[in-house]
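Should a chain be cited, it is by its letter among A, B, C, D and E, assigned in written order, with residues numbered from 1 in that chain.
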């Protein structure tokens, strides 16, 4: 799963498979991090009535 | 989550909303939250790192102390006691018979430990129930011959400088797995500095990869 | 500073984050999976030094050499011993599974005494004193002949000790269970004279004509026979199998000749007729015939002409002629008898008829033929000292000729004909026909002592059980005399200290003898059995102890022997199966089961096909033509004149129509869930049929009715 | 009692009535949970699986729920990537159904493996050449996507949405949902396919093996395509059931018709591909290994040609035809028949691709293996259904799942509670 | 190390079905060598663990033309398509709990790695893989005969024949200790081979022309011209492999004089056998 785990090999199979996987995971991670941070920012800067 | 409760309690959702917004601006409250966060974080992290291993491992004292340094001095080398059998298998911890090659019912030295050895084991003809620090689980096959005879490795690479020790450290057993702590390594994060700090599969594989170019197939190390 | 919810939130989040960053999660995940890899209830075998010890198997008369692998003091694996004269490397599954007998928790762990319906544990001293006391009473009453003993065999020192005890006690009533050896002797005695026995040179014969002998199903010395059979192709030798079922031997043979069950004797005589008619016999050999060769020749030609034989046996006349001719013209032919394993019921007519084929073609004591010679006796017991009671008792007639007659007499008589019975290495309550009546007979005997390692069917009926060592815990001579061309004695050696509080049966006998005092004790001068063996086997002891075996005789015996044909010349009647039903039930021998006293091991039972045993149901083989409405894997009820049983059906094209086959060796009732209460004992369904003239139980099967259950 | 949580303006049944309904279904859940613990503590001997039937009811259930859960990824793909805006009215529900399906699949997998505590080895010691590894990775990653897609809907709960952070979070997540949906579609494509690959790569099993493109056997593509085709059928079916149970119209007809039409065309294209695949396999692949088609459909008590015909014609061609024709598609009864048949068809396909593969003898002297699941297997397979019912009920009651609900069910103002 | 090189072993087996008596010694020897457990009822053969299973084959004819033959079936240690090491079971294992040893040709495994998904069992057409549906339990005291050379498997994992790899390890240990490079043919023999009373099983290195197994099988090093996935077809017309056409490339070969037995080794369309039956590796390469 990781380059340091026992089964890892720097071969095409691992790179394609885990390339795809980590790519997807990082998009999800980045997307969620963005949303959460932005939500926190929005909450901080909320005037309190913009949405109510 | 707590906000929801709060609002429900208050009944009036509108006012509760305002109240919450007001709280957000309360720097003191936030500061306290942060302090609590940090305290809890540090507390839990430290207990996970320091206290947890104490709980996870039980300490067991060896039947009596054994002075490796002294014995190596007398016998010459590791192989004198930790020997191979004729079929190439490894004896591991010596049996009482091996000890009796030198020892007898008369103590050779003057230590209390030897007195215990003679009285409780030699005279009773009982094997010493040593705890083995480097005992691998049942699923592991390990050929000492392949490593020391053919590959020419020394004992220290895996076992460290136990041969130079004068006393035996307590044996620490993982309460869940029953493994010796030396397999995972002293460091709870699994970080190692020396080749003998850890005896997990990855450590075998690392060396195999380096020395043979291949980590090996299942049965090479498993049975 | 106000501690509010937010603080708690901070505390909670901090704790979660702190734990998450700490190694707890990673370590617990790893450790929990490692825990599953080392479940405390999964045993971890202890490692140690590997050593090998040689011994000999005594589970069957085959007497194969064994190599026992040990880890320190612990035997862990049994294998065949390479270069042993009997088996040279291979071993049968029962021997290999020997350790399952050794460590079986169902073994009798200490002497037992029956109290009402239950057994209670007693000490060895008490047990021996009790047995000796009962026997002493019997002697005091002046009827020592009412002590009987049933053992597995006559040969060997332990059997010798039992015989010696009976003799010095004053009883002629020593019996053995029917076995291939006993039939070989019965045949040899009838045809060649007292003290002779027969062996077959299967390893060298180029034409083996087997009358139902399970050459690869446990007949004789199984592994030796397997090897002889396996080398057949390389030797260009042929095997013709005459049998009513496509057994493994039949399947492996060059030709399978299906025959109506129980007519093998007629077929053999039919073949004799062809040989006689076409002058294919060996003139020189027939010169040795005594007891009326001409009478025999005339009778055979008259009664067993091919067409007539064909009618009786169901084998085509042309086939009979062809096979008889092939047999007579082969260079080194041998006709083999003893159906199945050779230890089931056999008629002397069949044994003699088949052996007459050997005698006719003149292959006696020739390479690849049948070897007729004196029984080897390698043991030399010192002379017994007999007191007057012993002399008087021993001089009396035996209660019955064979064990089945003993059983019959006990059951028939209102007075106790047997007051005390020893049973050693035998399980008559399981192995003899109509086991119910055998149990009844044993029950009538006031004092029964069993020398068994297991609480088997007979031991359960005993009053005292004196548990004996398994073959892995004892020293003993094991003669191999199961129809082999050579005669070998092996030495079983203890490979481990006794696991339970058991004794060598030989030691137990010596202790009983000593407790009986007087002349009996004098006849047992040895302190231990081991000492006894070394002295009585002194002639071969060096070889036994050094090589683990001693070869008593090897190679083609010298000289010709007389052939007495008087038994056959009278044309004794062929034994018929009991009952009036349409179909015939025959027992099947299966290499993976044991039909002697002991049950097959859990491993052996595990290998048994689900077409033999399914759950606790026994599966019978039947030809689809005979089965009529019965479905494969369906249930049916078998009814014989003796008993009825519920069975599962296996439609099998390898079964002769009209015949139903049921495996032997199932239906044990030991207290061992891995091997017992599986299927039924075929001997429950078959009643004995005594052959007039020989006195043998010759019930090859029984008539049976089958109906849907 | 719980009115503060119910979406504003929505009418829901009384809480006691709701609670009783939930309690009844919960009893079923408990039964399943009991069976699940039996399997965990006593091991898989609680099932009727054996060495011939190592893959059985559970794997079928896994494949089936994932296939019918395919409606989520496909609807998401259409809504967020192809911008078919009408589908926003059903996307929430499709996501919830998908969430239920995938969480159920993961739960069943956790019961199905012999060593649940070592289940993480599939990730840690991954063998990238195994289709099952691909399944595990994509499945869990896609489950994460579904969770992400589900979260905004949860945060739209009347009370949750009042928390500014949650409100903003939901808002922001909506904003980047297309990215998540695209990732989800990518992951879904691979795991639906690799589930097909699980069977297709078994070259020791002539009933399963297929040729293919590079490392992917044809079943890889067929599975993806069929999940996309039949998934929406299931979404529509559950919507229909929900409408029936609640007695309310929840999604407008034009939305239903659109999704049905898309599904119909997908089914038709899929079934053509499936027929070609079947013919090629029957005429070329299997015979090259020494098997005739009849070998796979005779000499046993269950698997006959009927299963092939039912799967392809009755539950493939027929629903496809109904859904592509406007007149039949817009006939509520026929449409219902079609989506039911379609759902059965996809489940039957997964059954064949798991259980029949195990049943067919391969060695010439081997025999057909038939099997009937134990009650523990059945209970744990029903468990997710019951759990799904509960989750849908709760979601429907407390979340604004159907944007068109209020419009379609103009109701008298709700009296203020408490 | 990825590909078979000349130095690598390729351990294989040839079983003479004409010699096999169906006695079951191989099964029991295997079970006792490898700590295989047993349970109360083993008559359901679909959940009974016997690494070596002996099948009974019949020619399907009716009395009295019926014939039977016994076929012992250990793990076939498939080399996979083209003999590249992608055995049906190895390539599907999601956790690399089983792999192909390119140095021995043995399909090896780690029981403690297996998490019991059973995909390998689904992939194996020979039913050579067995799942531990139950905890292995020995009657009290019987665990004393367990061998330390093979670890007992826990409930919930798959196991199979290993060609007694521990015997190979032990032989190699001796060789290492004695300073030898390699082991002799007789030093490494499986438990079933040594147990067989009929001598029907021959075991050794298929790559080594000095070994008996090579001499009987005469494996064709070239791919079968009719099926490029098949490598190592025997050039002995009496020798066949099970399901050879699938391209699994087993290392267990069978020998029989009887045509009907050889035919049952694989599946054939009507009339196909008559065309194919005399076609052997040697024919295509002279």
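Criterion: a residue touches a chain if its C-beta (ideal position, glycine included) is under 8 Å from a C-beta of that chain, and two chains touch if they have at least 3 such contacts.
Bear in mind the structure is a predicted one, so any value in this text is a computation, not a measurement.
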Chain nearest the global centroid, as defined over all protein CA atoms shown: E
Identity of the chain that, by mean CA position, is farthest from subunit A: C
Which two chains share the largest set of C-beta contact pairs: C-E
Relative to subunit B, chain with the most remote C-alpha centre: C
Where subunit B and subunit D are represented by their mean Cα positions, the distance between them in whole Å: 46
Inter-centroid spacing, subunit C versus subunit B (mean Cα positions, whole Å): 56
Centre distance in Å when subunit C and subunit E are each reduced to the mean of their C-alpha atoms: 33
Where subunit C touches two or more other chains, by residue: 32, 35-37, 44-45, 47, 50
For subunit E, residues that touch 2 or more chains besides their own: 44, 96-97, 112-113, 135, 151-152, 154-156, 170
In subunit D, residues with contacts to at least two other chains: 115, 118, 121, 124-127, 129, 133, 164
Complex contact set, residues of subunit B against subunit A: 17-18, 21, 24, 201-202, 205, 215
Residues of subunit C that touch subunit D when the two form their complex: 29, 32-33, 35-37
Subunit E residues within the subunit D interface of the complex: 44, 46-47, 55, 57, 71, 81, 86, 88, 91-97, 113-119, 121-127, 129-135, 154-158, 242-243, 245-248, 263-270, 272
Contact footprint of subunit C on subunit D as seen in their complex: 115, 117-118, 120-121
Sites on subunit B touched by subunit E in the complex: 84, 86-89, 137-139, 141, 143, 145-146, 149-150, 213-214, 217-220, 222-223
